[in-house]
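Common to both upcoming complexes is chain A, partnered first by chain B, then by chain C.
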Partner chain A sequence: MSIEITDLTKDYGDALALDSVTLTLGRDKIYGLLGNNGAGKSTLLSILTGRQYPSAGKVTIDGEEITNNDSALGKVYLVAEQNMFPEDMKVSSAFDAAAIFYPGFDRTYAEKLANKFGLSLKKKIKTLSTGYASIFRLILGLSVDVPYLIFDEPVLGLDAQHRDMFYRLLLERYGEKPCTVVISTHLIAEAADLIEHAVILRDGRILRDCPSEELTMNAYTVSGPTELVDRYLEGRHALSSNILGGLKSACVAGERGEKPDGLEFSRVSLQDYFISLMEEEDKK
Partner chain B sequence: MKMNFKPAFRYQFRSLLRGGAKSIIIILGVLLILLLFMNMSASNSSVTGMFGGTVAIFLFVMGIVCIRGDLRLCLQFGVSRRTSFLSELTAVLAVSALLSVVGEVITGIVQLATANVPNFTVSDLCQLDFFRDTRVLGFGGHMISALFNSALFFSSFICGVFFSLLFWRLNKFWTIVAAISIPFILNGFPILLHSLSIDLSPFMGWLNSSPFNFVLLWLLTAALVGLVDWLLLRRANIKAKT
Partner chain C sequence: MNYQDEKPIFLQLAEQLEEGILSGAYPEESRVPSITEYSVNLKINPATALKGINLLVDGGLLYKKRGLGMFVATGAREKLKNRRKNQFYRDYVEKLIREAKNLGLDAAELETLIERGFEDVD
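Showing the complex of A and B:
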């Protein structure tokens, strides 16, 4: 039971948004879909939910092709960056509509969350601020009962407290009703603790598709006096480096090995790994 | 391919019905004002095609307004564009039939209530064309008029959908070209027919010979334009309103 993406290509005339992407999103895991702006993340998610058609390739959900297939599309809920609801619709009417389409929609829970976030049910969607429009969409996402839940830039415009609330609620939801969660975000450091499996996209191609632990375990940060670090890096694969005063730190791919005197080793974070990988790609 | 038709239909039917109810309230209000004026005025008053014409325009506008929003909402809630489109057509067919029946009831009541008022007549489009001599339409006449209006409403909505989808799919340049071309085509068509010496009077004669011919014409128009609507929609990128 999974979402299978096979040789997915999407072009907009001369611009290639996705280039033969092949990917499997398995059941009951939290995925992080990471990439720079224009990497193709949102295009991929739009295709997964039938909002766009691919130029080539196919997508199946639990073995069923998604094209005009409500059974497959109904298993995925995308909390997108943009509002897909009629602007004059009230928050409460959107909850009513969700209950028509999803018999498993937990209205009581949705209202509880709205109260928790301070979202008025009587407000029209078009009058909501950027942050509250995000909150409204997040609440719907957290309250529908689907096996595949996708968030595209979920915390857009949210303050630190609300972002933290969302991450905790998402983990609660995942713990109570395990499902596949895909989080596409630029705020990698915040979401890193949640992400079990990272998919890194760049220029429409998949650069990495593996457990996030594996990514960060296969790289480490070495820091110390510039001269020592440079000597240490000889013959090693340095993904990126920074110099501050006389001190240098570098992200190195591979096994740590023995630590030389005068140098410090530390674990690389997912965000640092991502930045290093992008910098390495920039050099190509 | 499995379809999740029922929820999409329920949502769209409710939404169209709410709009339809509002339009009926407005029509009733206007009728009431006319009745009041009629009492004050001694001159002859005739209200022709008020219900059919008004609701047809209303549904044309609803076609323009609803299709994009309904598609977005359906896709947000896991219903494909095909199901959304089919359920939209079914919902508008049901609402068209319902509004036609309501319209006939209103027209019938007003006709009966004003049957003895010499200077006031109320009739709908079908009556104007095919039952001109009858002041108070019978049950059979109302049934034919309801069918006539249903087909007209349905066709109007689908034509509205066409314009909405056409301008949705076109880029800025072609939008301007289309916007300029449409009045030229509409005005130029009769001139073109005349210059080609094509006589439409046999067709018009056939059309005016029976209300069912009009029903057939509108249903054929709906089928043809509906097909074009689907072709415009099937590969469109469904984006949020910007």
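Showing the complex of A and C:
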């Protein structure tokens, strides 16, 4: 059971948003879809939820092609920036509508979450602030019962406390009712520990597709006097480096070997790794 | 979790659990928090939490009761104390003796120093 994306290409005429992307999203894992602005993340997510059509290639969900296939598309739910409900609708009526489209929608839970976040059910969608409009969409996502739950920049406009609440609620939902979760985000540091598998997109192509641990365990930071660091880096693969006074630090790909005297090694976070990889690509 | 820590998160979690067993916060034959509870509390992927917990399962400190969760094994505290004692010997006592020998101190002199240490240190 999985979402299979095969040779997916999206051509906007003057720009190639996706360039033959092939990717499998397996069952019951939390994926992180990472990439800079314009990498093609949102385009990919809109296509696999049927909101856009590809120029070439195909997407299947649990073996069924998604084009004009409501039963396959009913298995995915996308939380994105756009509001899918009439602006004049009240929050409570939107919950009613969601229950019709998604039979597994848990209305009691949605109301409980609304209460927890302080979202009034009586408010019209158009009157919600940016933050609460995001919260409204997140609550819908957390309350539907689908095997594939996709979040495109889920925490935009949310304050720190609400972001924290969202991550915990998502993990609670995932723990109780495992499903495939895809989180597409710029805020990598916040979501890094939630992500089991990282997919890094760049210019419409997949740059990395592997367990996030594999990325962070196979890279490390070396720092020390510039001359020593430079000597250490000879014959090694430095993704990025920076110099501050006489000290240099570099992010090195590969396994840590013996640490020479005078140098310090440290762990890289998923965000450090991502930034270093982007810097390396910029040089190409 | 401490992100500056050199140790991966699953190891930090395993150590935190061991501390809980040693301090008696998790008594023997009591249930420890579930994978989901750890995941939600620490905001980590459940697979990471599972990896940390499995380290203690493999060490015989925790065991699984079907449908009920993870429990602290009888004798886990003793096992941990012994492990810590061995570690203490390797990390501190061996070093202490080596340095004492360098300084030409014999066992009796060292004993006097240790007794003094017991007096001085709270």
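Here is the rule we go by: the second predicted complex is superposed on the first by the 284 of 284 C-alpha atoms of A that agree within 3 Å, B and C clash if a C-alpha of one lies under 4 Å from a C-alpha of the other, contacts with A are read in each partner's own complex, and residues count from 1 in each chain.
Assume a contact is a pair of C-beta atoms (placed from the backbone, for glycine too) under 8 Å apart; a residue touches a chain by one contact, two chains touch by 3 or more.
Quick caveat: nothing in here was measured; it's all calculated off a predicted structure.
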Would chain B and chain C fit next to each other on chain A once aligned, or clash? fit
Which of chain B and chain C A:R267 touches, first, second, both or neither: second
Check the residue A:D193 against both partner chains and state whether it touches chain B (first), chain C (second), both, or neither. second
Which partner does A:S276 reach: the first (chain B), the second (chain C), both, or neither? neither
Of the two partners chain B and chain C, which one touches more residues belonging to chain A? B
Can A:E87 be said to touch chain B (first), chain C (second), both, or neither? first
Thinking of the overlay built on chain A, is A:E176 touched by chain B (first), by chain C (second), by both, or by neither? second
Smallest separation in Å between any Cα of chain B and any Cα of chain C in the superposed model? 27
Contact residues common to both interfaces of chain A (with chain B and with chain C): none
What residues of chain C sit close enough to touch chain A in their complex? 1, 3, 6, 8-9, 34-36, 39-48
Can you check the complex and tell me which residues of chain A touch chain C? 30, 164, 167-168, 171-172, 174-176, 193-196, 213, 217, 266-267, 269
Given the complex, residues on chain A that touch chain B span 46, 49-53, 67-71, 73-78, 80, 82-87, 97-98, 100-102, 146
Help me check something: in the complex, which residues belonging to chain B touch chain A? 1-5, 7-8, 10-11, 69, 72-73, 75-83, 235, 237-242
